[in-house]
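Shared between the two complexes below is chain A, which pairs with chain B and chain C, respectively.
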Partner chain A sequence: MKKNKLRFLIVEDDEMIRIIHKDFLEELFPKCEIFEAENAAQGICQYFECSPNVILLDMMMPLMGGETFLDILEEGYSKKVLKYKPKIIVVTAIKDVKELMNIGKRFAVEAVISKPLVQSQLKALLEDWIE
Partner chain B sequence: MNHSKDILIIEDESITRTMYVSFFQKIAPEFNLYEACNALEGLCLCFEKRPQLILLDMIMPEYSGEFILDVMEEGISKNILSFIPKIIVVSSIDNANELMELTKRLAVVSVMPKPLPFETLEELLKLHL
Partner chain C sequence: MDDMNFPKIEDFISAQIMDKEKALKRVQQKKELLNRVLTIFKKNLSEKKETIKTDLAKKNWANLKLMAHGIKGSAWTIGAQQLGDVACAMEKAADNKNYPLYNHLFQILQDCIERFLESEELNSLL
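On to the complex of A and B.
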């Protein structure tokens, strides 16, 4: 991933948390583009319209949650309808270890971070991927 | 306006899908046909191919046709989507109220009964293709 071509998508129902994520990313990568979605339906539309290379995905959202978002992308990859694979970081308040393990094992998921988000964790992860 | 020459068929039953495919090959041979056997695959194909027309089955296992309408509606109403396909819903639902509700959904241009009356569909397609 190139630092000056970073495109983030934040899928999160809580507006305050979206703002916090956004401020943090903008400070870290001033030239990045950031798209936002407040549920999985908006998220999936943004994914196809904006081609983000990193997605921060909340799991628990009303109506359509993060699980649905992952289901759609995984079906698309397995049927070879989708070609490009962004890095998905699941940000979740789930504490159950088994559940976390299961999310981590999902094909589309690159990393799982606990919520509230520790910014240094996210920073370390991103810096690993970015040239 | 969407000028793509693509039609997407979303239907879980393979025999029914094959029937639809041969129908479209006959009446709209210049169109590319794409097939999806469930709502998730259908949604991915819809975004990737941006078809002019979608033939959408309502009752499918796991994620239904309604799920696709929900996602499309959210994308259209929030101005995220840069295209709007014409969706023909195919449904064996015979409750009049439920059918009426379906016709009111964004992007839905028509609701057809199942089994599909091909002559009526052919007339309808003259308006939309």
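On to the complex of A and C.
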């Protein structure tokens, strides 16, 4: 993943948290492009329209949650309809350990980070992937 | 759990109403950004409070859980620990579809919201 061609997608229903994520990413990668979605349905549209390299995904959202987002992508990968596989980081306030483990085991998921997001954790992850 | 065993507001008071330092850390010490974020948080809180009232009447558990979960995540993000803790307990009550407990915690949440809105820490940041 090249630093100057980074495209992030933030799928998060809370405007306040989207703003904090966006500000942090812009500061870390000033040349990146950032797209936003308020729920998984919008997120799926943005996936096709913007081809993000990295997706920050919330799980519990109104209308369509993160689980459905992952179901759709994984179905697409398994049927070879989707080839493009961005790195998905789940950022969630879910505290149930079993639930968190199940999310972490999903094929589409690269990492799970707890809310409130510790930005140094996200930074460390991204710096591992980005040249 | 009977009413006698329900948590009281005192059970949540040990947590900070607003941790200013934590809030500033989340926005990398950018006061202007924090001001913007807190304004949105306040607006969302009041909207969510009204939604909870409506959903409680309908016992719409999916939405009651979603509302509590949303308040928990955003409150903890901006260092409003007390609010986040009450919302966390409400989320669990919604999981168990425990109407009396959820309703009781909602009353506590409303008290906490008032304390939060009146807090010196918050008002020094706005």
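Note that the second predicted complex is superposed on the first by the 131 of 131 C-alpha atoms of A that agree within 3 Å, B and C clash if a C-alpha of one lies under 4 Å from a C-alpha of the other, contacts with A are read in each partner's own complex, and residues count from 1 in each chain.
Operating definition for what follows: a contact is a pair of C-beta atoms (placed from the backbone, for glycine too) under 8 Å apart; a residue touches a chain by one contact, two chains touch by 3 or more.
Just so you know, these numbers come straight off a predicted model, no measurement behind them.
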Task: Combined model on chain A where chain B meets chain C, clash or fit - done: fit
Open item on the list: Let me test your reading of the model: by the given contact rule, A:L100 touches which partner, first (chain B), second (chain C), both or neither?
Closed with: neither
Open item on the list: Quick check for you: in the superposed arrangement, does A:M60 touch first (chain B), second (chain C), both or neither?
Closed with: second
Task: First (chain B), second (chain C), both or neither touched by A:L28 - done: neither
Open item on the list: Let me test your reading of the model: by the given contact rule, A:I19 touches which partner, first (chain B), second (chain C), both or neither?
Closed with: second
Open item on the list: With both complexes superposed on chain A, which partner does A:M1 reach: first (chain B), second (chain C), both or neither?
Closed with: neither
- [ ] For A:D71, decide between first (touching chain B), second (touching chain C), both and neither.
- [x] first
Open item on the list: So in the superposed three-chain picture, is A:I130 touching just chain B, just chain C, both, or none of them (first/second/both/neither)?
Closed with: neither
TODO: Classify the contacts of A:Q46 with the two partner chains as first (chain B alone), second (chain C alone), both, or neither.
DONE: first
Task: Minimum distance between Cα atoms of chain B and chain C in the superposition (Å) - done: 18
- [ ] Using the superposition described at the top, list the residues of chain A that contact chain B and also contact chain C.
- [x] none
TODO: Quick one: which bits of chain A touch chain C in the complex? Just the residue numbers, please.
DONE: 13-17, 19-20, 23-24, 27, 60-62, 93, 95, 115-117, 119
Open item on the list: Taking the touch rule as given, give the residues of chain A at its contact with chain B in the complex, in rising order.
Closed with: 37, 39, 41-42, 44-46, 48-49, 63-64, 68, 71-73, 75-76, 79, 81-82
Task: Residues of chain B touching chain A in the complex - done: 38, 40-41, 43-45, 47-48, 63, 70-71, 74-75, 78, 80-82
TODO: Spell out the residues on chain C that touch chain A in their complex, using ranges where they run on.
DONE: 26-28, 30, 33, 36-37, 40-41, 44, 63, 65-66, 69-70, 72-74, 76-78, 88
